[in-house]
Structures are given as structure tokens and as C-alpha cells.
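Next come the structures, one after another.
Here subunit A shows up in two complexes: once beside subunit B, once beside subunit C.
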Partner chain A sequence: MTASSKTMDQKMAAAEAKRKKRMKKKPTTMAGETWHRFKKNKLAYIGMWYLIAMVVIAILAPVIAPYGMDDQNADAILLTPNADHWFGTDNFGRDILSRILYGSRISLMVGFATVVFSMTIGVVLGALAAYYQKLDNVMMRIVDIIGGIPQMLLAMAIAASLGSGLRNMMIAVIISTIPQYARITRSSVLTIKESEYVEAAKSIGASDGHIIFQHILPNVMSPIIVQSTLGVANAIMASATLSFMGLGIQPPSPEWGAMLAAGRVYLRDYPHMCIIPGVALLLISYALNVLGDGFRDAFDPRLKN
Partner chain B sequence: MLKYVIKRIISMIPVLLGVIVIVFTLMYVSPGDPAALKLGTEATPEAIAQLRAEMGLDRPYLVQLGDYILGVITRFDLGESYRTGAEVSAEIVGRIGITLKLAFISMAVGSVLGIALGILSAVKQYSFIDKIMTVFALFGISTPSFWLALMLILAFSVNLGWLPASGSYGLRYWILPCATLGYQAAGIIMRMTRSSMLESIRQDFVTTARAKGQTEGKIIVRHVLRKALIPIITAIGNQFCYLLGGAVLVESVFSLPGLGKYLVDGISNLDFPAVTSSVLVIALISVVVMLVLDILYSFVDPRIKATYQGDALFKARKKALKEGGEVAHDSKQ
Partner chain C sequence: MSALLEARHLKKYFSTAKGTLHAVDDVTFSLDAGKTLGVVGESGCGKSTLGRVLIHLLKPTGGQIFFEGEDITNLKKAELKKNRVNMQMIFQDPFSSINPRMTISSIIGEPLRVHKIYKSKEDYRHAVEELMDTVGLAKRLENVYPHELDGGRRQRVGIARALALNPKFIVCDEPVSALDVSIQAQVLNLMQDLQEARGLSYMFITHDLSVVRHISDEICVMYLGTVVEKAEAKTLFTSHRHPYTHALLSAIPQPKVKKDTQRIILKGELTSPINPGPGCRFAPRCIHATKECFERAPELQEVEPNHFLACHHPE
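Then we have the complex of A and B:
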């Protein structure tokens, strides 16, 4: 009898432990659940760590780079990758690895900074347009006009008109990407606007600003976060493209697009000058894209196929 | 339906006018002075001022803007190139064919490849093929087009010597540029096809079709793909506009004498009328493509067509009811 009750106890304890383990595995908060779903996506998880590593590298670039970004060595011109210069050297004898490391600072900074600006402006415009019907028509027509020009072309036209340089390049990328955020925010706010809790907030006399910023925007954040993750990749690519065309950051700055443009002349004989900056661009863009996909699936599992 | 098309064409006008205003303003604020550029470095300030007055550049912004819009609309006058002095509109007409050819061939390659691989990926979900395809598509999306162009030149022209790296003298010259743009388009279209197919593949009408004993091939093409086509067409349209932007770079890397190369040359020579006019023309093409797509929707999906007709039908019924007549049932709806 005692033996059997003991086994019963043991069984119950085991079941309890199992339940606790399961509880531990399956978080109950929304953020926890999202994180749990996100972690399951291996590729996105790797993408996230790659991005974190790149940010750390960008911050520590002066410490970890084997050479200075502008150190010219007349004895080591156009070397292919070797033990001293892992990624080889360019036509001025500068170490390409060090320039790539320093270049990550520019690309990441431009990517994140432009997205912060264009997202903020786009989200505010989109939310206002959706919330105030009178504004909607005017604002969306403006967005339609800007969106009517292919993004890259608009960026080129703006950059050409303002002149080259970091600031002008960022302005060009920001203006050309605002419509994307405005459109997404508008359509999300339009659906949320009609929900009961917004009506409830209205009925207790909350101000429009309070309703928009406290009730509506937090609930439309997930598509915006997804879009901005993909937007960072887009902005990095757009600024590299502008620099490649000579409209963005000018040499000798180690921007990846500008490095590619400089290496283009040597494509036939020293292809490493072109291959390496391109691979750096490709990897960061790939990481951001899988991360964006991972976020989207984690935020809204219904979208996942 | 015709009413809707006309309505859509009319709604294009303010967008295009807006594009002209943006383009003109960018040209207006740009640092170059056309008069000074025309006269060269040794011109006296008086001569420059006189030429500015002759060219009408000393007039207020709004007057110049009005004049420009009038010129574009009535005479298709896009100004004169600073560099060559030739009419920009004539130069654009001579180059637009190459850009359109590049864009359409690439889009066709991308669509066929993207839809085919997307179907394959959706049908074999979670298989090894699916995973490979997903990675392949994402690489297409993440690769900078100008870099891909350079790498293709490196592989197929420099190392293997199979294909020419630049120029446009025959079919062989189009393979690499179209492959560059087509691969990127294929990536996005493949992803959209896959997710859109997967959405419809699990629905009841598919089960019904299977229960009726329909062959799997027919189910995929007639039932699943047809239902999934609208988002795919949208993706193709968006991609076409994106591709026009990418074509600019690819043309300049492969030295194809199209609109994109004209634009890039214009940028490096501070030839603002050339730059802004090329942007304007490409924007016009993309707006027209979007319109065509909108109309295409209704052919693919009868439900969308019904909404266009719905308004007219609703009015007709209301009128009939008012007159006390019986409401006719329209079988078309």
C-alpha cells in the first residue's frame, strides 16, 4: 500500500515537475511568447547574432582593426589576401580588412539613423492621416506623388540636386523611404481606430494625442518594427548605391559602396577589391532580411506559412 | 469598368503634376547655373546675367515652374541638356527603348522563374528543395544589383570568356544584364508566390477538388494558383517599378546606352535637365504600369470586377425600385 502510494507521490511529483518545465518553456507574457517563437527560427536567430557582432565590431573598430583605415603602405600595393593582410590591400596599399571594419561604422550608422528619422516622420504622418479624415486625402496624395517615383531614382535625384556628402545622402534616403512607413502605419491605424478600446478612451474624454500615442500606436508597432528592420537593410543598400555612383560618401572614406566603386577599375586583375566590400554588404543585408522575416513570423504567427 | 479606367487615368494627373513639381524644384535648387555652364569659365558676370535673363532664369520660381509645366504638357519640352545643348526629350526618346527592353525581358525572366520556383517551394513545403529555394530567394533580395552585375562580369566575361561585358550589339549582350535584374525580381516574386500559394492551398475548395478526384497538377494550377494570383501580380508590379530604379545602375555597369546610363552620365556631369527629365519619364512609366496592373486585377479576379460594376448596378437598381419596377437579377454579378 505504502509502496503504491509512494509511486503515486512520485508520479505526481514527476507530473508537477513536467508541468513546471513546460510552464518555464512556454512563457505567458506576450513579449515572452514572441521571443519564444522568434528563437525557434534558427536563421533569424543567427541573423540577430550576426548583427549584434557587427555592431560590436563597429564600436570596437579602432581597437580590433590591424591597421589604420587610411594607413598607406607603398610596399604593399594591390596585394591579394595573405597572412599579413587577410583581405588584401587596395591600390594605395591600404589594408582592406581594416577599411571594411571601419566601413561598418558608416553603414550601420547610416542604416539605423536614416530609419529612425524616416520611421518617425512616416509613422506620425501615417497616423495623423488615418486619424483625421480631413488630412487623409491631402497627405496620402503627397505620399502617392513621392511614392510614384521609384525609391532609388528619387534618392538619386535628391542626392544629385543637393550634392554629395554624408548629410545629403542621408536626407535623400530619408525622404525617399518615408512613404513606406506612412502607408503601413495608415493602413494599420485605420483598422485599429474602430476598435472598442479606442471608443472607450474617447468616451472618457481622452485627448486625440493621448489616444493616438497611448492607445493606437503601441498596437500597430509590430508591422512597423518589421518594416524598419527591413528598412535598415534597404537604407544601407541605398546609401551604398549612392556612394557607388559618386553621389554619396566620397573616397577616401571607407564606405562599402565607395570602396566597390574604387575597386571597379581593378575588377579584371584584382577582383578581391570588389568582391570583399560586396560580400560585407550582402551579409549585413541578408542578416537584416532574415531578422525582419523572423520578427514578422514571431509577431504574427498567423502569417507564418 | 470603362468608367473606372477613366477615373483612374484622371487620378494619375495630379500625381504626375506633383512629380513634375518635385522634379522641377530639385532642378531649381541644384547648385549648377545653366547660364554659367553654357558660357564656360571665362565668361564675365555681365554676360552670364544677360544670358540668364534671355533664358528666363531670373524670373520668380513660380513663373518658371508654370512655364516648365506648360512646356512639358503642351510640347513635351523637357529643356536642353547643359552638356550637349541638345533637346532632352529627343535624347530620351532615342534611349527609352533600351531601358524598356531591359526591364521587360528581366521582368519576364524573373516572373517565370519566380512563379515556377514559388509553386515548387509551396508544394514541397519544409522539404530540402523548399529550404534551398528560400535561401536562393533571400540572396536575390539581399544582393546589391551593381555588385551582382560586377560579379557576373567577373565570372562569365573575365574568367570564362563566354559572354561580353558591355555594349548592346546582339542577344548575347543582353544575357548578363537581364540575369542580374531578373534574379532579383525572381527572389521577391518567388517568396510572394510561395506564401500566397500556401495560404490558399489549405482551403476547403482545394479539399473539395481533391475529393472530386481532380489531378494534383490541375488542382495546383486551376484552383490554388488562380486564387493566389492577385498578391503575385501586385508583387510583379511593385518589382517592375523597383527594377526600373535598378536598371539605371545595371545599364551603367554594362554600358547599355539606355535611359539609366543617360541619367548616370547626367549626374556625373551635373546635367540637371537630363537627370530630372529621366526621373520624370521613369516615374511616368511606373505610374502607367501600376494603372495597367489595377485593370489586370479585374480580369484575374471576377470579384474585383464586380466591385467596379457594383456601384453602377446599385444605382440602376435604386432607380428601378423608385420607378416601382421589378429588380432585375444580373447573372453577371
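Then we have the complex of A and C:
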């Protein structure tokens, strides 16, 4: 009895100490608390580190790649993975590992750059539409028209009409993803706009710009951040798809989608040519998706603990 | 002495799918400096709309607003901004009326920043500290975020923000209804102290009759967008004459066990404020209503000095 109560006391003391420690460490800013909640989601945390690793790899690709991205070796054609070529070689004897490493530069750059552009344009359009009711109808109808066309189909149509190449592919992906950001921003802004703190800001005579940038946008950022994290995955997949179909980056470039397309011919005998870029795409898009989900949960104050 | 604030035949209509909603219909009153006008009425009677029209959050459909004798109904943008310094608002919900992503000091200092009152950062910081001190917020709360504060403290933040520009008139839209009773008293006392110290005029919107009695000099009873009775607080509580006021006041619980209160229960529901008929708004629920009441709306008339009434059959 006494022994058990003693351990109880110890346990309680330990719990108390732990609680105090947590209280002490507990961050007080909004961002700090969000980060605190985010870290609890292990999968999202791993996804974040995978993404950071990929970014580092992309930056250091010329340093860490064992071969050049276009180095052809006629003596080492269509090799399966081995000690010299970890991921094997393709039909021109090019080292697939090196091509994947270089390819990550294209995929990440396309993913992030397109999202930055489409998010900026979409957020501005959505915020303006929601804030100025007169613009709303016109702007959202245009967005509806763009959004009504399946995203991939639209991207294909734009890429096909502009011609292939990195720049045109990015334009295609940007235009086709703007509606998502515009919609999400508009709906969030509509809610925040009616809030009493916006009314309070109006009553002190704040300008529209002040209200939009100081009060509305900071409070709608969380859904936009979530959407753009998922959007990077989406953009990477879209650009890989366009390249796969020959509408994006053209073959000599080590783009993952283009590599998949090149390997398709050899799928029966040398499946590694398709599997490896496919897995690379899968992993990056999965990492971004769990990261986006983690952000969404972390931003939701109802899950606060 | 001329009134600080005066409203003449103020109207605010909203157009809805079903018709025109008469939220505020022909409201006339005046308020002297340093006084408090209580506005009572049930939910949806246009109390808050009236407050928002007065401080230009909503544009009136008709009528005029005078501030210190000047017509401020239709001001240009720049003039309006200048005028906002004079009139501020304290909001009902201390949880939704302050931006959750700003620190306490930046919320309180926002009006000062918007109007560029202080040139130097040092002066600005000093002013914010002084405001926090005025409303009884500890200096250590300067950099915390609103979610770390309780309702009472948050409402103090809202009050400090309203005071920042040193206004003469403050619309208080049910400032204590979201707070605990114990904290209500603290906040009300703070507001009264501030009124004395700074000579503020309040328009105190509430449906809490005990609160309004405590704080008001004059009380105005609203029913469906119209003022039905307006008198000094004491007069209104003792010798009210409008049947609606009577019913409203009979709903105040009495702290006596054996006192037999004659509570008047109003029959029927609040009639729709959309496209109201020509008669008295209260007629469908009034016990004294006659044919006349349904045909012609009574006008607000001074029945005794400083006691206004709009009823064909006063009690």
C-alpha cells in the first residue's frame, strides 16, 4: 500500500515536473503554437525532412551525382541496378541515378515556381473579388469558366497551343491552377470580412489596403499555405504528365516525366527505367501531401492541445 | 447648451429578397456631452444597426446626424476619417472583435498608427502604455496574443482601442453581455470611471435592463426599428407609459420571494420588420390596441418634460 502510494507520489511529481517544463517551453506566438502542433504529426514531420533533403540534393546535384546527366556510355546500355550504377542505366547508357538527381532540380523548381505565381495571382484575385462585391460576379464567373475545365485538360490545351518547353509548360500549369487559389481565398476572405475586428478597423478609419493586408490576409493565410503545399505536389505531377506526353520538357533533359516516357518502350524488359522515376515522383508528391495535411491540422485551432 | 450628438429622422433600410427591411425607422434623439443614453429592446429591434449608422459603419437611408451642431450625415472620405476620431465603438464579442494575429499593444495602438498621431516611436509606445494603464492592463501583457487573455481583459483591450483616439462619443454595443457577471461589474465600473475622467458620452446598447439602469442617464426603448418611449432613467423605470416598456420592465426578476410580480407575457412573435404596415409596430401584440393603432402610426411626442412617448393609448 505504502509502496504503491509512494510510486504514485513519484509519478505525480514527475508528471508535475514534466508539465512545468512543457509550460515553460510552450511558445506563445501563434506561429510557435502552430509549429508545436505540427511537430506532433510524425508523418508530416518526416515528409518535411524528406522535402528538405530533396531540396538540398537538387541544389548539390552537380556535386553528388556520380556521372554527368548527359554522359552516354555505349558499353553500359540498359544495365539493371548494380554497384557502379545504383539505379542502372538507360538505353543510351546514361546513369539513371545522376539523371534523377538532376531531374529533381527541374521538378522542384517547376513545382515551387508555378505555385508561387499561381498562388500570388489567385490570392490577389480572390481577395479583390471577395472584398469588392462589384468585382465578385465578373471575376468569379471567369474563374468558374477556367475551373470548369478539368485542370489537366486545360494545361494540355495551353501547352499544346503555346508549344512545348519549360516556360510554356509552367505557364500552362500556372493558368490551370489559379482558380483553386482564387476560390479558397475568396471564401476565406468573405468570412473574415464580416468579422467584428474588420468592422473595428473600419470604425477607426483604416484604409481598405490596411484592412486587407493587416487584418484579412494574415487570417486567411493558413488555408492558402495548406493549398499551396498540396499545390506543389500537384504542379510537379502536372508538369511530369505534360512532359510524359511530350508537351513539356523535351527528352534530353532529365525530367522525371520525360524519363518515364522514354522508359515506357522498355517497360517489359527493363522496368527499372520506369519504376525509378515513378517512385521519385511518388515519394515527392506523397511527402508534400502529408506535409500539407500536417499543416492543415496544425493550423486548425480546434485540435489545439 | 447644444447637444453633442443629434439624430433626426434617421432611417436605415436594407433591401432583402423578401422586401425592404426597416431596421431603423425614423429615429430622433439627442445626447448631451458626458451623458449616457441607454438603448434597450429585444433582439432584432435595430439597436445595433442604429449604433453602426451613427458611427458611419453603415450609411443611413434617410435622415441626418449632427455632431456638435455640424451635419455629418454625408461626409467625404477624408472628412469622414477626421471625424472618426470623435466617435468610436466598443463591440459586443471580445473574442471576435480583436484580430487574433496581432499582439495586444499593436491592437491598442492601431488607431494611433492609422491616424499617424505620433511621429516618434518613443511617443507612440508611451501612449500605448498609458492606454493599457488606463484600462487596467498590466504592462507585461504588451506582447501577448488575444487568445491568452480572458474575456474581461480582452474587452479591456477593446475599450483601450476605442479610447486611443480620445473620442467624445462611444457606441457601446452590448459591451458586457458576453462576460461573466462578476467581470461585467468590473468593466462597467471602468467605463463609468472613464466617462467621469474624460467626459465621454456613451450610447449604451443592451438588452440587459439592470445594466442599463445602472449606467444610463436617459433610456430609449426601441421596438422594431422605432423608438417607442424615451425618458430619464428614473422616470422610465418608475412612470413608464408605453405598454411595451411596461411588458419589458415587468420581465426584470425581483429579488423578493413573496412579492407577486405581475409579469406581462407578450403574445405572439416579433412581427417581421420587412415591409411593415402603416400602423403602430407594436399593435399586433399590444393589449390596448384599437383599430386606430393598426391604421396610423403614433408619433413620438413629449408628454412630460423630457419624456417622449409614441402611443395612442398610453397607460
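The working rule: the second predicted complex is superposed on the first by the 279 of 305 C-alpha atoms of A that agree within 3 Å, B and C clash if a C-alpha of one lies under 4 Å from a C-alpha of the other, contacts with A are read in each partner's own complex, and residues count from 1 in each chain.
One rule holds for everything that comes next: contacts are C-beta pairs under 8 Å (C-beta built on N, C-alpha and C of every residue); 3 or more make two chains touch, one makes a residue touch a chain.
These figures come from a predicted structure and were not determined experimentally.
Novice: State whether subunit B and subunit C clash or fit side by side on subunit A once the two structures are superposed.
Specialist: fit
Novice: For A:52 in the superposed arrangement: first (subunit B), second (subunit C), both or neither?
Specialist: Neither partner.
Novice: In the superposed arrangement, does A:237 touch subunit B (first), subunit C (second), both or neither?
Specialist: The first partner, subunit B, only.
Novice: After superposition on the shared chain, which partner residues are touched by A:206: those of subunit B (first), subunit C (second), both, or neither?
Specialist: second
Novice: In the superposed arrangement, which partner chain does A:152 touch: subunit B (first), subunit C (second), both, or neither?
Specialist: First partner only.
Novice: May I ask you to decide whether A:197 touches subunit B, subunit C, both, or neither, giving the answer as first, second, both or neither?
Specialist: A:197 sits against subunit C, while subunit B stays out of touch.
Novice: Which partner does A:215 reach: the first (subunit B), the second (subunit C), both, or neither?
Specialist: Only subunit C is touched by A:215; subunit B is not.
Novice: With the superposition applied, I'd like the minimum CA-CA separation between subunit B and subunit C in Å.
Specialist: Closest C-alpha pair between subunit B and subunit C: 7 Å.
Novice: Could you tell me which stretches of subunit A are touched by subunit B in one complex and by subunit C in the other?
Specialist: Of subunit A, no residue contacts subunit B in one complex and subunit C in the other.
Novice: Any idea which subunit B residues touch subunit A in the complex?
Specialist: Subunit B reaches subunit A through residues 14-16, 18-19, 22-23, 26-27, 29-31, 122, 125, 138-139, 141-144, 146-147, 150-151, 153-154, 158, 194-195, 198-199, 241-242, 244-246, 248-249, 252, 263-264, 266-268, 272, 275-276, 279, 282-283, 286-287.
Novice: Can you list the subunit C residues touching subunit A in their complex?
Specialist: Spelled out, the residues of subunit C in touch with subunit A are 52, 55-57, 80-81, 84-85, 88-89, 91-93, 96-102, 110-111, 114-115, 144-145, 148, 158, 161, 164-165.
Novice: Show me the residue ranges of subunit A that touch subunit B in the complex, using the header's touch definition.
Specialist: Interface residues on subunit A, with respect to subunit B: 141-142, 144-146, 148-154, 156-158, 160-163, 233, 237, 240-241, 244-247, 257, 260, 264, 267-268, 271, 274-275, 278, 281-282, 285-286, 289-290, 303, 305.
Novice: Which subunit A residues qualify as touching subunit C in the complex?
Specialist: 28-30, 195-197, 199-207, 210, 214-215, 218-219
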